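Each of the next two complexes has chain A plus one other chain: chain B in the first, chain C in the second.
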Partner chain A sequence: MPLSPALSTSAPAWFKERATNAWSQFQTLPLPSVRDENWRYSNAKSIPLESLANADVPDSDVVKVAVAASVELEKWSARLVFVNDCLAASESSQLPAGVICVPFSQALEQHSDAMREHFMQRQMQLGSEKFAALHLAMLKAGTVVIVPRGITVPAPIEVFHWVSGENAAIFPHTLVIAEDNAAVTVVDHYRSCTSEAGFSCAVADLIGKPGSHVTYIACQEMSEEAQAMHLSSTVAGKDAQMKSFQLQLGANWSRSESVSDLVGKGARSDMLSVSLPLGDQIVDQRTLQNHKAPNATSDLLYKNALYDSSRTVFSGLITVDEGAHYTDAYQTCRNLLNSDTAEANSLPGLEINADQVKCSHGSTSGPVSEEELFYLKARGIPDNEARRLIVLGFADDVIQRIGNDAIEQMIHARVEEKFARLG
Partner chain B sequence: MSAELETPDLSDIKIDSVGDFTFPENNVYDAGYGLSEKTIDYICDVKGDPEWIRDFRKKALKVFNEKPMPTHWATKDLENIHFDEFRYYLAGDRKPKKSWDDVPEEVKKTFERLGIPEQERKFLAGVEAQYDSEAAYSNIKAAVAEQGVIFVNSTEGLHKHPEIFKKWFGKVIPTGDNKFSALNSAVFSGGSFIYVPPGVKVKHPLQAYFRINSEQFGQFERTLIIADEGAEVMYMEGCTAPKFDTATLHSAVVELVALKGAKIQYVTVQNWSSNVFNLVTKRGVAHEEAEIRWIDCNIGSRLTMKYPGVVMKGRKARGEVISIALANNGQHQDTGAKMIHAADETTSNVISKSISIGEGRSTYRGLVHIPKHLKGCKNNTECDALLINPKSRTDTYPAISVRGSQHSTQHEASVSQVSAEQIFYLMQRGLSEGEAMSLSVNGFINDLAKEFPMEYSVELKRLIDLEMEGSVG
Partner chain C sequence: MSLKIENLQARIGEREILKGLTIEIKPGEVHAIMGPNGSGKSTLSKVLCGHEDYEVTGGSATLDGEDLLSLSIDQRSRAGLFLAFQYPHEIPGVTNANFLRAALKARKPDGEDVDAIAFYRQMYARMDQLEMDRSFTGRNVNEGFSGGEKKRNEILQLMMLEPKYAILDETDSGLDIDALKIVSRGVNAMRSAERGFLVITHYQRLLNYIQPDIVHVLMDGRIVKTGDRSLALKLEEKGYDWVKDEALPAAA
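Coming up: the complex of A and B.
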């Protein structure tokens, strides 16, 4: 059974209309060609659209196992577990009063105004219009978080999305709205129940109103037969501080598109990522730092440690609009090549239209430094272990910028676990 | 008398059948407007090209017609080029006629202020044939010829030295490389052909404009330089001064071949007028332990697209691009470098500095490619951009592709302004704001300007001073 949209009857009319339009858009838009600059070094044909199917309602056994495995952070304010886009578990008793953290379908019914205003309002700019349309058309599940003015959510909100069944596709959605001076951290996990092929096409939109603090973590650990797509955007208002972190460990092909719009004076956006591809995994990452207001800062650090015949693509762009004076924008991509057949492609770009701008980008690709290795080996640490320590340190350098001990430890542990598979 | 560009008049050329022309005797050659197989036959007949060149040109025309404009990555401004409105071959009397009186006042003033010798001014303004300034340099020519160096225009190279010419021509930049290399391959004329025998180190830089050449350094010139084993040569094109030209499309192809241990340096300082599309393909092949350096300075033109490249084909070959671009109002300097590593232990270095003034736009576009079967390759890329005014614009689009764990690449780019503090400091010491700005900009490119031969770097500084005038205050 090929993919087909299954419209929920309870959704408001405006949503149904958008979903219907999106489906016809998905069908008419061509598959991006490799000649498209946004798909350079990559290939949209990696997603087997023909063989994908709507994910079935999961068996209770599958749900039980998935819920039991949905344990990462010790402390959380709310936790939601979805299996095949169906809500399997949810707990939100720890949330401060007034904070909304509900499944997507509930948000559509109960918070229609906020949803109408903020739900998928931006144009895709990094090449995946077709897949964003598919997401909208197929969308059933996800999390909507609205934090009222001045409220800080103390512990993270943690969400798990599982996919089960051969060639099943899920379409998880995340929408976080932090009102003025609110603060919240949201963690999304994307996982497969088995080692089967599957597809996750996720969208995450973060809206930071003036003075808010939003931290968003996406951990992609799908099966190595699966494909994963993550389209995210951040809007940073005046003096808002936004942080997003991408952990790319799973899937044989993963693509992330991350856009940061700095729309308010003094806004800040940190964009971070760690990936550790093995075998013939492909990690394709596109970013855009869009400075629309003066005195804003954006800082991007993406690190890839490549093994075996894996491949990475990093394509980043900083644009500084007219009038966005006193912009500070930085973009760094580092590739650590640990095998003779790994391949790192970097396309770090800048487009500057304003004055009084400090901008830089840097990209390096190379092996583990011989000097660092020598230092550790001279202290009696065997070669293998020395390399492992260096690569972990390479990743920790990014992980530590998250600024939350519990999450940093969790991510470090996930990276270490993947490392163990290297043998 | 104004510049005379007559409408095409082919009535005095008798055409018996396609490809069979008889020419009027006064050496007036004009291929007319537009581009077709007939244009190519005309060019071939006038130039007396051998059959293989005629075939080569016709194949190229086909490729040119088939290839789309590269607007999926390049600027849409390319769509404003109307190929039917150009004349692809002009020689003899049909060249635009100009007299010194026709040269615009501001151009004359520029010459004056650059301190260009009287005899060169006329050549630079396009009012006199370039061999008028030849006398001054004939000594160098004689000395070079004694060493066995061949230094002629490309047509002469093709006719007199076919054994060398044919071996390398079109090998570094194939016809189908891009739409504009195909265009050049179809209609090329002019340009230099240089062959330096093994072990010969040419002391003096060879320059494009003091060569005997009845054909103006053209819109579609084709340059081929071969440095045999262990040879060394430096070639300079353009002028130490602005190059004022009425052409609206300049599409050259430059191919360099550095055999084992050879060194080629290719220096360009060009200042086209702001209606010129300057779309040039330049590439060199460096064999074992050879070195190719492109030193490239682009000032002026409406749109320049130029990415000098080096294919490092032999072990320990080295490639370098040093680039300075200055974009003023209405100008877009889209420049960069291509470094293709095709052998072990090859190293490449790219240093690019660009300055955007007023509403000018400068773009760096780079490609570094290191495939997986190699080891010990290194690349370093640095691009710095300086923005002078609030409406100035700069872009950077590098692409770096590395396979394997035995290479290292680093790329760094920065964008900055001349700091207000620095200007204030200089103005405190009695400089005007404009002078302070000029001094700062010259400071920005100073370390690169040193790479140019002395007289070039002096001119470069003066050119920048001129461009900076009126950009502040």
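Coming up: the complex of A and C.
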């Protein structure tokens, strides 16, 4: 059975209409061509659309195993587990009063106005209109978080999305709205129940109203037979501080598109990513830092440690609109090549239409520094352990910027576990 | 028992830098090597540690009878050789504490780990001696450290690894007088009948604080003069030229 939308009857009419339109849009839009600038060095045919199928309602055994494996952070304010886009577990008693953190379907019914205002209101800008349309058409699961003014959610909200079944596809959605001066951290995990092929096509929209703090972490650890797509956007209002982190460890092909709009004066957005591809894994990363207001800062740091015949593509663009004076925008991609056959492609870019702007972009690719190795070995650390420390340090250098010890430790441990799988 | 360097010759690319250098350091002794910039002081220290840029073309180096030159870089360190670098490298993302633990773990039998509580107790005691703030344990190795902080960090590693022979390469450069005193105190605390030191310096100032038993002058890849502490004072007063004048006619 090929993919086909299964509309929930309880959804509001506006949503049904958008989903129906999205389905026809998905069917009409052509697959992006490799000649499309947003798809250079990558290939949308990596996603086997023809062989994918709607994910089945999972067996109770599968659900039990997935729920039991959904433990990462020791402390959380709320935790939701989805298996094949079906809610399998949820616990939210630790949330401060007034904070909304509900499954997507419930948000549609109970918070229709807020959803109507904020749900997928932005144009895709980095090449995946077709996949965003597919996501909207197929969407039934995910998490909607709305934090009222001035409220800080103390511990992270942690969400697990599991896919089970050969060629099954899931469409996880995340919508976070932090009202004025609110603060929240949300962690999404994308995982496969087995080593089967499958597809996750996720969308995450993060909206930071003036003075809010939003930290968003996406950990992609799908099966190495799977494909993973993550389309995210952040909107940073006046003096808002947005931080997003992408961990790409799984899938044989993954693509992340991350757009950050700085729409309020004094806003800040940190865009971070770590990947550690092995074998013939491909990690495709597209980013956009849009400065639309003055005195805002965006700082992007993506690091990839490549092994074997793996490949990464980083394509990043900074745009500074007219009037966005005193912008500070930085973009750095560093690739650590641990094999002669690994390949890192970097396409940095800048478009500046304002004055008094500080912008820098740069990318580096190379093997482990001999001088770093010498320093560690000169202290008695053997070659393989020295390399391990340097590669984990290379990743930790980004991880340390998250600014939350528990999350940093969790991500470090995931990277370390993947590293241990190296020969 | 000694760190014994005999007629050591080494080059980088086509360039001869060490041209037959001989020194023997016994446990309990502190030797100083002084010499003008470019004479080969750092080269000697890096060659002994096994830096791969340098090719040894002749001579020998042994540590308590063991052939150093046949060991890998990390084996040399575990055999008991330590170098406090003139320019310590930064290691992004690796904290000082993790780095030191890894270095200590490498000295344990396979699979055995460092006792975390004893490790931190020891490290904090050593840091107190060096007047280093405890926050340095969680900071990445040498990243964003001032020149003086890097040098203290080198001595902290020396104190934690307790080598048999320690080479200090211009540990005084970049230190103000207070830091110099603190670092010297740390080094002096490590002096013992079981440990030998080779203190490399351009200036005699350091030798007021770390007093050597023997002073050598290195010029153009060779030891051209050896004496006691008074030699260092004479070098400070008169510069290096008189040694050159003494040494060169003999070579001519």
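Simple rule for what comes next: the second predicted complex is superposed on the first by the 423 of 423 C-alpha atoms of A that agree within 3 Å, B and C clash if a C-alpha of one lies under 4 Å from a C-alpha of the other, contacts with A are read in each partner's own complex, and residues count from 1 in each chain.
One rule holds for everything that comes next: a residue touches a chain if its C-beta (ideal position, glycine included) is under 8 Å from a C-beta of that chain, and two chains touch if they have at least 3 such contacts.
The model shown is predicted, which means the values in this text are computed figures rather than measured ones.
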> Since both structures carry chain A, what do chain B and chain C do when superposed there: clash or fit?
Replying inline: fit
> Quick one: chain B or chain C, who's touching more of chain A?
Replying inline: B
> After superposition on the shared chain, which partner residues are touched by A:372: those of chain B (first), chain C (second), both, or neither?
Replying inline: second
> First (chain B), second (chain C), both or neither: which does A:96 touch?
Replying inline: neither
>> After the superposition on A, what does A:393 contact: first (chain B), second (chain C), both or neither?
In response: second
> Touching A:341, do we find chain B (first), chain C (second), both, or neither?
Replying inline: first
> Looking at the overlay, does A:381 come into contact with chain B only (first), chain C only (second), both, or neither?
Replying inline: second
> Minimum Cα separation, chain B versus chain C, post-superposition (Å)?
Replying inline: 15
>> Please output the residues of chain C touching chain A within their complex, sorted ascending.
In response: 49-52, 72-74, 76-78, 83, 85, 88-94, 98-99, 102-103, 106-107, 140-141, 157, 161
>> Please output the residues of chain A touching chain B within their complex, sorted ascending.
In response: 35-37, 40-41, 322, 325, 335, 337-367
> Which positions of chain A touch chain C when the two form their complex?
Replying inline: 370-372, 374-383, 385-386, 389-390, 392-400
>> Help me check something: in the complex, which residues belonging to chain B touch chain A?
In response: 72-73, 372, 375, 385, 387, 389-417
